[in-house]
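Both complexes below contain subunit A, partnered by subunit B and then by subunit C.
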Partner chain A sequence: MQPPSEHVHWLFATGVLLLALLLLAEAIVGSEVWRRRKWRAYLWPSILFGLGVFMWPVMVLFTNSTIHMLAHSSWAQMMMLAGAAELGLVSGKLKNELWKLCLPAMLAVSGAAFLIHEANPWFYARSAFVHHICGWLLLIGALFPLGAAFKPRSLVYNAGYALVIVGVAVALYTSRDVAPVFGHLSPSAGVAHR
Partner chain B sequence: MRRALVVTLVVLAFPGAAWAHATLEQTSPKIGQRLAVTPGEVRLEFDQSVRALANGIQVYDAKGRLVSGAPHMPAGDSRAVTAPLRRLPRGGYTVRWATISNDGHVGRGVFTFGVRVAAPPIAEAYGASGPGTSEHVVRWLYFICLALLTGGLGFRLLVLRSEATPEAERRFYRVAGVGVIGALWVGTLAFLLRAEDALQLPFTAFLYGDLSPFAKATRFGQAFVVMELGFAVVSALVFLAWLTGRNALLWAAFLLSLGLGSGLSLSSHQSDDRSWLPSFADWVHLSAASLWIGGLLSLGLIVWNDRELRRKAFWRFSELAGPLVALVVAAGVYMTFERFPALDDLWSVAYGKLLLVKLALVCLALSWGAFHHFIVRPRLEKPFVARELPKSLAGEATVAVAILLLAAILVDSKPPAKPAPAPAQALAVRR
Partner chain C sequence: MNHLATSELQEVRTRRSARALAVLALGPLTMLAGVVWAFVQPWRVTLLHPHGEGFWWLVVEPPLLVVAVGIFFSVLAYGIVRDLEESEG
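Let's look at the complex of A and B:
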């Protein structure tokens, strides 16, 4: 018995939104203030790592297409890698700051997976539209953590990164299975369904 | 700009269709069903509306003859596609389907059913060619990853114990990391290769192939689901152990990875619905071999550069290797008797010949191990022995890895068929 895919998307949207709000809070108050309590430094990397672990059940239990499996597998691995790298840096286990590049790599690979996942153009159907929103948001948004890796105190880069994640959460919340409106942005996508 | 933003938010905020393309929810006949009479039609039901293709449902008998008519969509039901069937004689049948989802993607899939016989396994659907070289190589890589992971963890916990130097610790986490990530990747690849063979689709079409029947209706697929999930947890445990330095997490990862090996046993030839013993023997064989071969590889990869630690580790590993080899041999002998109904199958069928080659390599590895245990171990302090030991260990490990390759080919091959029960026995059972 599997939950509907929309419920899974909403659950992940909640996790991603939590992640985004923590990032935003850190960007607003600054890392020095945010990390006065040591455990707070572990918060968002742990959530990112956990989201990666919880993506694996989606990969193996929703097997209605190969590309679906591969895309979710890449998201799972990239989230675990980026979360693990940040946890390693925060704990002092990793010394090399280049590990920070795992974050932009995660966004770039995830964005590419969204775009490759969806073969149709933007306005073909709602699902195509949302896939493109997510894909380009992540792909272009990868520039923010990339900039932050070299200018860690930059408010623009840190807040930009957080807002990209907020955008992804909003897009994930738009996944609905039972709904008639805006299901078809193009009549060439076939008759209205659901 | 503001207007574009508002339009985008409105489009996203209002409810719409699902993200995904159409998912096959139900079939008639059911996937893998054994029917007493010929079904009148094949019916596919999806979670959203679809369009039928001209060759959208094709049903083949075991000889590849098409037994279905042109597919059509029942009036008033845009989520279903049906195709009429001729009167089907007794036998196994393969259904290949393709439909266009409303998102424009062409979904494809395959399943089987039987008329008055059990349905053929999906991996043996009409058109599938069975495991080939690439599947042998992938399974071999899977065994190596398991050995690196389970053997590496066992080596760290049972051999190095609390004496691991920071350098050895760093090397151990690299070995275990490669093992667990490899197990996840190679496991996925093995599953996709098996599905691709049954689906018989070109690469771009395979990307939209429905893998659900493989994941849900085959032991191989069920093992894949459990093992992927399990190894994802193991990877998290190994990472957290590295982060926090807690050995308890390594023990949890070790025990879980040992248990996950049973997934291979439960989906192998040894899996027998009548008894748990063959599967258990297979799991013991696999686990002991993983610990032994993984330990050998770890001796080379983890403590290679540290002479003192290598000496201690070699001593302790020798003590552990004896019982492990005994388990490998005992379980292997039991499985050979179980798998070969007649002794001459060993040299008269391809499976038996492969097993003989594997046994020859096992004998070589055991002799090498005995040489290390009885000849080398008492002379470890001698400079010449200490200098040459790594090369000798590398040789033994190479033979062990070659054994894994043969094991991979054997697992993918079919053992000789067991003789049918005598009529008198069958009658007794029926009564």
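Let's look at the complex of A and C:
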């Protein structure tokens, strides 16, 4: 009953894509308009928190190696922390705007987790490529929410952050258990399937 | 002077309506991406040929998930644009 790895990536891609669209819409209309409905302000932080919660079963079920478990659990914790921090800020229970730094920290840890738990080189197989591209996207993309933490009204930082998340969603949708990437597939990766 | 003020106001209104259009376009563009994907890789939509497919292949069909995200966001987009236009007066 355990889902194949590629299906897990696609399910997370769906959550990440929704998160990205909400962030992009907020970047376009601005926070003031976005927060006119209280429930809407809670929407994307809740999705981020939920993605963190759903990362725990991934940590428990996909135990390929210790580093996999550590990467997935640190990732789950950081997503939950960033989501909770944003929920706290939106609800007014957290006053200090420095809590916004949880977002870039989450992206940096997520990027590092992607890179650390991928033991194979870029062109070993599609999945290795996807992990490398997601890792670097998130690591470099962490600069956008970092900038937005200090310039919250900046369209460049907010839209840039959202577009990084769109990129991660697209990359996750391209993930396959065993498939070539740009014609490269290591013989030790196994036989390619659909 | 009045002409200048009017043209500036029109420019602001044009920019604001562009923002509304951008938000309204996000959902349909996402749905379109899912539909194009379904045509390019029809074997990913296992509902079209469900025989012999396992549980996860039937439940998780990525092009349909992309379309579903687009539909969900489109429902939200109308409320967002309504609030945007109210704030613009």
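The definition used in the following text is that the second predicted complex is superposed on the first by the 173 of 194 C-alpha atoms of A that agree within 3 Å, B and C clash if a C-alpha of one lies under 4 Å from a C-alpha of the other, contacts with A are read in each partner's own complex, and residues count from 1 in each chain.
Here is the rule we use: a residue touches a chain if its C-beta (ideal position, glycine included) is under 8 Å from a C-beta of that chain, and two chains touch if they have at least 3 such contacts.
Everything numeric in this text was worked out from a predicted model, so none of it was measured.
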Subunit C versus subunit B, contacts on subunit A by residue: B
Which superposed partner A:140 touches (first subunit B, second subunit C, both, neither): neither
Which superposed partner A:24 touches (first subunit B, second subunit C, both, neither): second
First, second, both or neither for A:64, with subunit B first and subunit C second: first
Which superposed partner A:7 touches (first subunit B, second subunit C, both, neither): second
Touching partner for A:34 - first (subunit B), second (subunit C), both, neither: second
First, second, both or neither for A:101, with subunit B first and subunit C second: neither
Partner chain(s) touched by A:149 [first = subunit B, second = subunit C, both, neither]: neither
Intersection of subunit A interface sets (partners subunit B, subunit C): 194
Interface residues, subunit A side, partner subunit C - complex: 1, 3-4, 7, 10-11, 13-14, 17-18, 21-22, 24-25, 28-29, 32-34, 36-37, 40, 43, 173, 194
Touching residues on subunit A, where the partner in the complex is subunit B: 5-6, 9, 49, 53, 56-57, 59-61, 63-70, 73, 76-77, 80, 84, 87-88, 91, 93, 119-120, 124-131, 133, 170-171, 174-185, 189-191, 193-194
Residues of subunit C touching subunit A in the complex: 19, 22-23, 26-27, 30, 43-44, 55-57, 60, 62, 65-66, 68-69, 72-73, 76-77, 79-80, 83-84, 86-87
Residues on subunit B engaged by subunit A in the complex (per definition of touch): 8, 11-21, 23-24, 47-49, 51, 78-79, 100, 102-105, 107, 184, 188, 192, 195, 206-212, 214-216, 224-225, 228-229, 232-233, 235-236, 239, 242-243
